[in-house]
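Taking it in order: structure first as structure tokens, then the write-up.
Note that the chains take the letters A, B, C and D in the order they are written out, and that residue 1 is the start of every chain.
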Amino acid sequence: MAEFLSLHEAIARHVHDGDTVALEGFTHLIPFAAGHEIIRQKRQNLTLIRMTPDLLYDQMIGMGCASKLIFSWGGNPGVGSLHRLRDAVEKHYPAKLEILEHSHAAMACAWEAGAAGLPLAVLRGYIGSDLPRVNQDIRHIDCPFTGERLAAIPANRPDVTVIHAQKADRAGNVLIEGIIGVQKEAVLAARRSVVTVEEVVDSLEAHPNACVLPAWAISAIAVAPGGAAPSYTHGYYGRRNDFYKQWDTIARDRDTFRQWMEDHVMNVEEGVSA
Amino acid sequence: MAEFLSLHEAIARHVHDGDTVALEGFTHLIPFAAGHEIIRQKRQNLTLIRMTPDLLYDQMIGMGCASKLIFSWGGNPGVGSLHRLRDAVEKHYPAKLEILEHSHAAMACAWEAGAAGLPLAVLRGYIGSDLPRVNQDIRHIDCPFTGERLAAIPANRPDVTVIHAQKADRAGNVLIEGIIGVQKEAVLAARRSVVTVEEVVDSLEAHPNACVLPAWAISAIAVAPGGAAPSYTHGYYGRRNDFYKQWDTIARDRDTFRQWMEDHVMNVEEGVSA
Amino acid sequence: MSDMPPVHDSTTARDYTATEMMTVTASRALTNGTTCFVGIGLPSEAANLARLTHAPDTVLIYESGTLQTRPDVLPLSIGDGELCDTALSTVSVPEMFRYWLQGGRVDVGFLGTAQIDRYANLNTTLIGDYREPKVRLPGGGGAPEIATNSREVFVMIKHSPRAFVEEVDFITSLGFGRDGRARDDLHPETARHTGRGPTLVITDLCLMRPDPDTHELVVTSIHPGVTREQIVDATGWPVRFVDAPEATPEPSGHEVSTLRELKARTERHHSGHHEEKSA
Amino acid sequence: MSDMPPVHDSTTARDYTATEMMTVTASRALTNGTTCFVGIGLPSEAANLARLTHAPDTVLIYESGTLQTRPDVLPLSIGDGELCDTALSTVSVPEMFRYWLQGGRVDVGFLGTAQIDRYANLNTTLIGDYREPKVRLPGGGGAPEIATNSREVFVMIKHSPRAFVEEVDFITSLGFGRDGRARDDLHPETARHTGRGPTLVITDLCLMRPDPDTHELVVTSIHPGVTREQIVDATGWPVRFVDAPEATPEPSGHEVSTLRELKARTERHHSGHHEEKSA
């Protein structure tokens, strides 16, 4: 049952060293405020799951939080490389990063299977791709009806999923609108979940078939206005595309990156770090 | 791409003798008008798929349209038996009806798999049930990661799916609201699809994450106001619970049933049969 | 989950029927805050009574996709508009069965049945032989997976020798199998995702629970005014009683009147056409 | 699908860049009414240009879940708010990949790539060895399944020897495999659900198509002002030409001005903060 906590408390209580952690959000609603709090609390040795690592995981990897990354597309969307991710993979800086790599279709199915309580996801995927050669988690099953060989991958089952959403009502039910990505699946697939929201309202005023997470499917809710910036929150604020472009320069150099993180994440208070 | 047709023309063109046909709608939005048109056009030898056969399939079976039924719960909800279905199964009247029986969970997964273009659905289902003994389509696979034995059933892939929905816009995009059941899946799983709607509007005015079927995923649309009665259309009219209770009497006797069908379906014009 | 919570209004009802006794007793089995997957009919009545009395925060889920619904009247069908209108959210039926039931979010599956046997197996499929049935029943519906994917299962059924049989003609939904051992030797991964099965059977005469060792259903509590002989006569196997069966507490006046009001509201609602807009 | 539709405004543009030539040519490859799964970057530019010129009813799908979207400016990312605001509907990402892509609803998958080889295999994973890469690229994203689940695939990539290689370091997304035969011996059920693969490669110098027999990419059309030598020099394998390559038609003035307006609108939109409400 969702508890309303401060962001500091929510992360302290639910994200532990060595955990498998997913911060999800497909371009939209990326939980930057929560990720920055994880960095400030100096979590170590995390296995990070995320379809599109994006700037937030570049920051977490560059700050040494992660030992493993499970992902399907690791770039700065529309801009280019994630330099901290590349530095970790190519030069093992600041530490060696093990990677386990999927396609989007497979990762989306792995979230769906995790939410559905299944051990595996089945898809018509990876045909002719070299990815199964480098990822031992890509296996196959034979369809007992048609004999067709289909790809199978393990369901995503993180210890904790962290997402950002538009709003919660006072009972702790959460509304997600717009590009909803895999957030519902990622929360339901996890043992624990932390949701940051723009605001708490009396009523969600949601359409009957809107994407709503009930309070009893969530561990903790923290109010974090602007908590998705520099990504965006549909209905609240737009994406800071300029910052995504600037990040390319900031992250290219180890020292520039470190200084930026000190100035904008490490030495700021919770909630004003974006 | 959706063509706007009369109900008569839509059924004549898309539902053929011997087809595998699904008329879906989970209590809500049951396509009675379309089903009655199928009966009037005297379709024969259909394999009918539907999670909850309900009154409409009782009528179609009683009128001799079907040779096989794939289903998961065949009753008059909250009332009792479907007497025409029972007469077909127990006494082979008006003809022998082959049945293939699943659970709801399995049928829902079979629709999901059909929409997803997969040959099979995988679920943790049928544990300890006798259903796999009487349904050869319930098989098993072994998870290559955990060794767990999971149930597998074939995806539903009908020749044609027929559903009822609230409204279409002039381009042929369709909005479904309220209890959405398996309608989107049933349409996407089928080779062809016919959608009856309450009305055609200039704009669907749909919430961004509403259940919408694009025109290019539909074969034909027919305007059929009241087309779900005696079931209901959320936002338009309520369920005729009294009729569901009366049906028990009407359908219990072969002659009473036949007379009712003559009076209310066979000898009425399209669209006023409910 | 299945412990009886304290009754808040202790004034005993002056008169009540055996069915009301059954429904009130079943409602008391639901702890406040429980997430309950509700079958139509008797379970729906009991679950909504719980929500209207001692357990206002009970979360009710119906297989039509309606999550956390608070109907003002009892639904006639599992997909009445009332369920959607009063739900927190309505999801597709595949999502309901995949994410919410199979995903392990349901505390209590609350089922009715046509037949139940000594090992709490449920039959809603047919009487007689499968290919040439004597009586064809509606079938499994949601029950086969509600019975295994919920953390535990409550069953409501009126006591009669036709309903309480030594061995069901067909196991639609698993209790504990034909030998009482079916839940003991599951694959560890399956076992981790499979609930305890039926932990409580509520009838109009008594409460039954599975014996901790053999999983045979035994009488643990007898309703007021009911004799052991009545229970024995209404049970199709040589039924056992625990050493000291409890006396089921009587319903309170508040519970019975709440139930009667709910049923009267429901009756008024479901009679006549409802052509008005449902949203 | 890949036949060139007639150009409506036949006035040839007075000046245009090689990149504009590529984008306009790619846009012309999309027939009106085509359902197109769009990759970010060059394909997104070309697909939207098609929608704004000869193919207004082209259905654009982005992997973020936005179905039938009509962005007024080009998205910087695959999940920009603009895509949702102008979409017919926005579905979850699992639904997008399962129902819409794998479900067989996509006519054309429109992809960019870092490397492409003789048999049209695409590499967006890395240069060098997998465990010790020289250059780590972003990875597969949606491409591996777009490449196989779409009915056919168009690829846009600027011509250079680093991009057009004899054999890719890593097959992220299948063209025709290392021997050109990978799509020939699929299980019948797989084959029934697998598209024709890359049928058209659009570069800034020419068009290439797979040879009908060997599936080797061959030059079928040469852009205005481009020489065969330029193409040979920019291709990392001994590239072949069809017997009589076509001359790619020049872009029209209308197409070039529409493209430039789209890019200018996009530039204005993406510069500076966008703190205003996105809905």
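General remarks:
Quick note on the criterion: a contact is a pair of C-beta atoms (placed from the backbone, for glycine too) under 8 Å apart; a residue touches a chain by one contact, two chains touch by 3 or more.
Small disclaimer: the values here were computed from a predicted structure and weren't measured.
Common partners of chain B and chain D, by the touch rule above, are A. Once chain A is removed from consideration, the other chains connect through touching as one piece. Each of A-C and B-C has its own count of C-beta contacts, and the greater count is at B-C. One simple way to say how far apart two chains are is to compare their mean CA positions; for chain A and chain C this gives 40 Å. With centres defined as mean CA coordinates, chain D is found 28 Å away from chain A. Averaged Cα coordinates give chain C a centre that lies 56 Å from the centre of chain D.
Under the contact definition stated at the top, the residues of chain D that touch 2 or more other chains are 84, 90-91, 98, 102, 149, 189, 193.
In chain B, the positions touching at least two other chains are 112, 117-119, 123-124, 143, 146, 148, 177-178, 180, 184-185, 208-211, 234. Judged by the touch criterion defined above, the protein chains form a pattern that is neither an open path, a ring nor a star, and not fully connected either.
Checking each pair of chains for touch leaves A-B, A-C, A-D, B-C, B-D.
The part of chain C that touches chain B in the complex is made up of residues 40-41, 63-66, 75-81, 83-84, 90-94, 96-98, 101-102, 121, 125, 130, 133-145, 148-149, 170-174, 177, 182-183, 186-187, 189-190, 193-194, 270-279. By the touch criterion given at the top, residues 117-120, 122-124, 137, 139-146, 148, 150, 152, 154, 177-178, 180, 207-211, 234 of chain B touch chain A in their complex.
By the touch criterion stated above, chain C contacts chain A in their complex at residues 33, 35, 59, 67-68, 84-85, 87-91, 98-99, 102-105, 149, 189, 193, 279. Residues of chain B touching chain D in their complex: 1, 112, 115-119, 173, 184-185, 188, 206, 208-210, 212, 214, 216-217.
Taken together, the chain B residues at the contact with chain C in this complex read 26-28, 51-52, 71-75, 77-79, 81-82, 85-86, 89-90, 101-106, 108-109, 111-112, 123-131, 134, 143, 146-149, 177-182, 184-185, 211, 232-242, 244.
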